[in-house]
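What follows is a set of structures for review.
What follows is a pair of complexes built around subunit A, which joins subunit B in one and subunit C in the other.
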Partner chain A sequence: MQIKLVLKEAKRVGFLTFCLLFSFSVLVFAKEARPSKVEIRKYNDSRYRLLVNRRDYAIKGVCYNPVPIGEGYDYDFFNDPRKPWLVDGALMKQAGINTIRLYQPSDDTEAVKELISDLYNKFGIRTILGNWLGFWNYPGPCYGDEEFCQCVKEEVLEMVRTYKDEPGILFWVLGNENNYTFDGRIRPWSTEEIDELESPMEQKHERAKLYYSFVNQLAKEIKEIDPNHPVCLGNGELIGLEVANEVCPDIDMVGVIVYRGKTFGNMFKGVKNYFDRPIVFIEFGADSYDAYLDKEDQGMQSFFLEAQWVEIYKNMFRSKEGEGNCLGGFIFEWTDEWWKHNEYNVQAWSEHDTTSNWSNGAYYFDIKAKNNKNMNEEWFGIVGIKQSETEGDLDQRIPKKSYYVLREFWKNPAKRIREIKNEKKNMRR
Partner chain B sequence: MKRKICAGNFLVLFILVSCINVSFAGDLKNCPEDVFYVVEEAKDKYFAKKDYSGFLAYLNKNKTCLGDNYIKYYTAFVKFSELKQYEDSQDWQKYFDLKETYQEIIENNLSEVIAGISEPITPLYLKALYLDWILEKQKTGFNENEKLDVLIDYIKLYTNDSRQFGILKTIADKLLDDGLIRQSSIVYDMYAKMLISNNVNCDMLLNTAEQAFKNKRYKLARSLYAAYLDKIYSTATKEEYLKHTTRIISLFVDNGWQTGIDKDFAEELFAQLENNFPEGIDANLLFMRGYNLERMSYYQQAVAQFRKFILNYPEDKRVNEAFFHAGIIELYLLNKKDGLDLLKQIIAKNGSSSYLNSALYYAGLYLQKENLTEQAKLYYQKLKGILESAEVIDGSLLSLTNDRLNEINNGKALENNLRSFLEAGFDSVKLLGNVSVAPSPAKGYTGETIDIASSYFVGNVGCFQPVLDFVWSGDLGSASVLNSTQQFSTTFSTPGPKIILLSVKSATELVGKHIAIIEILKKEQENN
Partner chain C sequence: MKKIASFTVVALLGLFLSTQLFAQEVKPFNVYTDKNSSDNHFAPSGWMGDFGDLRLDDQNTDNPYSGGTAIKITYSGKRSQNQGWAGIFWQNPPNNWGSKKGGFDLTGLNKLTFMAKGENGAEAISKIKVGGIKGQYADTAEVEIGPIELTSEWQEYSVNLVDEDLSYISGGFAFVVNADLNPDGAVIYLDDIKFVNDPTLKAEAKSSEKLPFYVYSDSSSIGNHFIPSGWMGDFGDIKLKINCEENPYLGKTCVKINYSAEATQGARWAGMFWQNPPNNWGDIDGGYDLSNATALTFWARGEKGGERIEEFKVGGIMGRYSDSDTAMIGPVVLTNEWKQYSIDLKGKDMSYIMGGFAWATNMDVNPEGAVFYIDEIVFE
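Up next is the complex of A and B:
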């Protein structure tokens, strides 16, 4: 009888334990399936932290556009049957990368969701998702045109509705370097009222106002749909941000695209002064081709990238040294893209073109190149690609020196920063 | 018997070992005076086989002779070379596995060697300072850093005492390979002076210069030729000095048939001659100098030389060429109306030459642009008459002339591309950047290909380069050139001067303008 009672009690306890364990695992599992709660906290002196599910999140990101050799600007890598992200994700994880930037999702939502969730679930890598805001539309953008703006708005809000519940989403990015259109030289647009203004400076200001007001409207409506993810304004340098400051109260952070070489200079202070929001570098980096000596130089690229990351870390919240308003960055870019120099020449997409078509004196190693053209668009990856020996296979990934340098840096950034400081002290002696 | 055999074997063995020792490269038993060069030679042999450990063993074996500094420096150098090898082969895993350890060895060893530097400065110290600079360059990314200055300073100290000058050439060659043209020139100059101070005779100096030139080490050749000319200035006759200087100028000058190897050096020598021996400057030298300055884009100075040539040698067969170059440069590049007078002087002489024909056309073009259409028409009609009655008709110039006459006679505007170029020069248009056109070669024969390349700079517009139009006009030869074409190749079927005009425009602004003056000769014509 007593034995029966004991057994009965044991069964009851076992059942209760089972129920508890089951409930716990459901909760954990259910939590993983929910979108992450991403928030920005502001502290004294306009210092900022990015928190994901209440935990500190330093963005160690890359811009991701894995176009294979032989393909071009319109390649839909989301539908690449070889699923490059499964190979890339593993390499990224080994390096310590935790986020990717996708400039704009393709029309195939299921494919995009697959990529985002694969990267997150298999490798713990999150995604920021953006929209060009019609920059590349034909015949060109026009932020003074209601119909154009409405079209763009529908596209952006549809994107948010579609992907907001993906656990891997970190935040939204609106635009890229659309602010370069304000002075009328790049993708020029205007309105009758703007054209009537005499001064080019006034015209520029009015275009900025129109554009940033539109972006803020988008941000507002995004938040009505999705309160869980911040909205980032994509901007080339700091150009126009004094206007954004007037009309963008609903923007949570500024994502800058910057190519300033070894140092970002007054970038962090500048953002604080012009447009007090946390700053994230959504595009920055260096190429690995020396246009002056006309040969690959991976050392040159790793030199610039490490110096850039030192500054990023020095200006993050936890560092006592800098402005404390930097959330991290996205290196341009993960892999080399062989179509970029001559986007309309299909034959050239299979060649790793070494010609440069723009100049930047901040990358001084090879500024003495002919016509000072030293920025080699097809060489910005921190991972090189090489045609696989088996036809149809994914291009081989060949990590460059930068990949390893950054891997070492991210293992212990504080230690590396101290080492660099000591090296500088020794040099002065 | 056995003892004899043993002794014999031992003797053979001893002889063999001695032979091996004797033939072993770089053995330092006798501690030679030029030990540095012996070790360098041994290093090259071991490194050729990538036998780094073998080289380290060699150093340790000869430690008594070499001393600590040699061991420390070359150990650092070996570790540096090994890391470089992994870096060059992009074996990043191995590179990063060894990097920390090796860098510590390199930095500790080098700093000990450098801390112990004392006079007299030895070649080893210079190599240590050179390696120190390389490491600094890697850390800072700057070629020109403090350590480079330190290296140059110690090289200067070295030249005070030493008689072994090979190390200077080695370091200068390496600096040149690293793109440090100014610093390599300084060290080459020091090398050349060391040769002189070591009483290397003139012939040897000249031979060394010729060898360097032949081996395309032009910076070294320049330093040696300069040292040679300095030496003979005080010892040779003026005529000999002039003869040698002229010959050396001709090696470096830009004569249009090929781009000048060192136009600046040629100009330096011209200036020296003008200073030291002005009476020796003849028509040839004067004209060569003007042309070299034109090719250097020193237009004001080029025009000054051409004008001097015209003044001093009015009967020279090249005088029309001088008038023409000076006139076109002044009118179309420097935007000076004085250029028109120069072209008019060719026209006033009449006669028969391709320079007269081109002067008529380009003077007419300017007048047409200025709305002085009656004057322009006179020039065009005269030109048309000359061309139509010529034995060999210059079809392309005739076609251009007819187009201009058609515009004037029918009240039409100047052709768009020409107008675009002329507006860029003569109207007060704010230019966005600057432009240049370079023909290669600038002189050629009829039917031979001339490559025309253009370059431009529009200032900082980020990675968004504005879409540009390359608006070509003038004598384009056989080429049909689109507005999207930044460079092209062409041929000319008739001799004479050919002017290519370029203006570069964006959608809203003019970037800039430039011209190329090409001389085309008939194949049987002599080269001037």
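Up next is the complex of A and C:
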């Protein structure tokens, strides 16, 4: 009798357990299929938090464009049957990276979705998706031209409609360094009305106004389609943001592209003054080649990157020091790109070029290089690449010193920041 | 009892000795006291800039501050080597620009003092420097002060060296004069140059500068705080005259810039930074705290009108030390009449500024080149 009772009880418990597990898995499955709810909350003193499904989210990101050795600007990694993101995702996860930046998705939407969902489901890595807003269109952008703007708008809204339900999406980025077109030095554009203005400063201001108004219109329409993901304005430095402040009420955050060496300087305060939104560094970093000594220097790169991350963390919401308005950043970049020095020389795509392309005194270790050209475009990865011994295989991934330094940093940023402070104190003694 | 007495004696003796040791003063370390003093540790061997403009008499007996001799420096301001400035480094070993081992460990000393006067008063030393010799055997510190306007009476001046690493100093003392501050030359006397220990001295905290604070007012003004030393891009396309007397906005002189747009260096653009100290691209801890400033204003005109300057700028130098912020206006099309321009600094962090002012333009917007004038550049 007792045995019967026990068996009956066991069956009941088993059934209940089964029901619970089933409900739980349904819930989990349902959660996976839903887009994440990504919000920005504002607090006193213009401090900001990024919340993903109501949880704090510090963006530890990388710009992702894994061009293999021998390939160039036209390589479509989304359609690479070797799926490089599976190897990269595992390595990123080990380092603590939780987000990637894709500058613009390819036309093959299914391939893009596969990448986004693979990274999210297998490694918990989210994606921010951007659009160049016609910056590279031929013959050039013109934000005063209705037809051009309509064309760009359709493309952007289509991107949002296509990917908004992907659980791995974190937010949208509109533009990159399009603000550098305002003074006509790159990708110049204008309108008849602007050209009639006498002062070039006024012309510049009007271009900025046209452009940022257009971006705001995009943001507004994105939100009608997708209430779950914030919209970020991509901007070179803080240039032009005082104009954006007049015409961009629908922009949720500013994503800046900055190369300022070991410190971002007054950037966090500056944003508060000119465009009070949270700031995320959508592109920043350092190269690992010493152009002066003409040799690789991974220590130099890790020195700058760690210093930059220290400032990012000091200015996040949780930090007691700093401005509390930083959401994180995206290091430029994940892997080295061997095609970049001379994009038109296909043969050079197979060589890791050591010629410097540009000068930046903020990266001062090698600024005494010839003509002060110290920035090596092909050496910005925190992971190096090497041709695989087996033909057709993915290039080998060789993490650089920065990879390991950042992996340690992200394990406990507060502790590492304290250590660095103590190291500085001891040096002064 | 005997034991207690002897212990007390030993203890008292120990106390006495340690008191004596602590009380012992750190001896001064002389650069120059008298010509024939065996205690002079550096030689005036490092002649710089327009060295042909300088005459040095280090056994002048006219009116020394102490002892039998002083140093008399006669500067003609004739720009013999076309540099516009001249100076002398007191070195050890002599003629050492960092290739020879020498120098001294001056740890424990925290101030350099010297006596100085001008023959007539109002002579200007643009810079006094301790350390800063580079090369294989580089000095461990580099500190400078200036400009200093002298009087006709002996006065003591000092360089604060607290918290500086003085463990290897081969350039003990340097003075620099320039032709802009001394257009008619100058006769300067120096005496009793020495490193001392001042226990009351504290590290010099940078305090916010009082306004107005000039980048440039007149070429010979001691109130100029930055030097137009940072030539950029096609620097060969630039001719600079900082004592131009052609219709200045105010005072005797203005700055005249002639940009030829020849792309001499192939850059197709050119520009210039006013820096502190000169040639500082962020590798020297220099600059000023201009936190009180809310604007930088300046006057500018083009020779013909229509000259286009892409940007006028404050700050933005980045290096080991970086300007704390940057602000700019532009593009600006100049008229042929003086016009005042203003760079808004409200909300900017001006606490550390090495690049006080800059301009930049290019050949696309000035295909025939441009001649333009700037005057009264001032933080307000």
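As a working rule, the second predicted complex is superposed on the first by the 408 of 429 C-alpha atoms of A that agree within 3 Å, B and C clash if a C-alpha of one lies under 4 Å from a C-alpha of the other, contacts with A are read in each partner's own complex, and residues count from 1 in each chain.
One rule holds for everything that comes next: contacts are C-beta pairs under 8 Å (C-beta built on N, C-alpha and C of every residue); 3 or more make two chains touch, one makes a residue touch a chain.
Bear in mind the structure is a predicted one, so any value in this text is a computation, not a measurement.
> Following the superposition defined at the top, how do subunit B and subunit C come out on subunit A, clash or fit?
On the shared subunit A, the partners clash.
> Specify the partner with more touching residues on subunit A, choosing between subunit B and subunit C.
Of subunit B and subunit C, the partner in contact with more residues of subunit A is B.
> In the overlay, answer first, second, both or neither for which of subunit B and subunit C A:P188 touches.
first
> Touching A:R260 in the superposition: subunit B (first), subunit C (second), both, neither?
Only subunit C; A:R260 stays clear of subunit B.
> Touch check for A:K42: first (subunit B), second (subunit C), both, or neither?
A:K42 contacts neither subunit B nor subunit C.
> Using the superposition on chain A described above, determine whether A:R418 touches subunit B (first), subunit C (second), both, or neither.
Neither partner.
> Touch test for A:E408: subunit B only (first), subunit C only (second), both, or neither?
first
> Is A:Y180 contacted by the first partner subunit B, the second partner subunit C, both or neither?
first
> Quick one: classify A:Y364 as touching subunit B (first), subunit C (second), both or neither.
Both: A:Y364 reaches subunit B and subunit C.
> Between 5-13, 23-31 or 149-157, work out which stretch of subunit B sticks into subunit C after superposition.
149-157
> Touching subunit B and also subunit C: which subunit A residues?
185, 360, 364
> Inside the complex, what are the residues of subunit A that reach subunit B?
Of all residues in subunit A, those touching subunit B are 177, 180, 184-186, 188, 236-237, 259, 262, 292-293, 298-300, 303-304, 307, 357-360, 364-365, 368, 370-372, 375, 377, 398-401, 403-404, 408, 423, 426-427.
> If we count contacts the way the header does, which residues on subunit C are in touch with subunit A in the complex?
163, 281-283, 308, 310, 317-320, 322-325, 329-333, 347-349
> Could you please specify the touching residues of subunit B with respect to subunit A in the complex?
The contact residues of subunit B facing subunit A are 87, 90, 92-93, 95-96, 107, 136, 138-142, 146, 179, 455-457, 460-466, 506-508.
> So in the complex, which bits of subunit A are touching subunit C?
Touch residues, subunit A against subunit C: 183, 185, 198-201, 204, 260-261, 263, 265-266, 269-270, 273-274, 360-362, 364, 367, 428.
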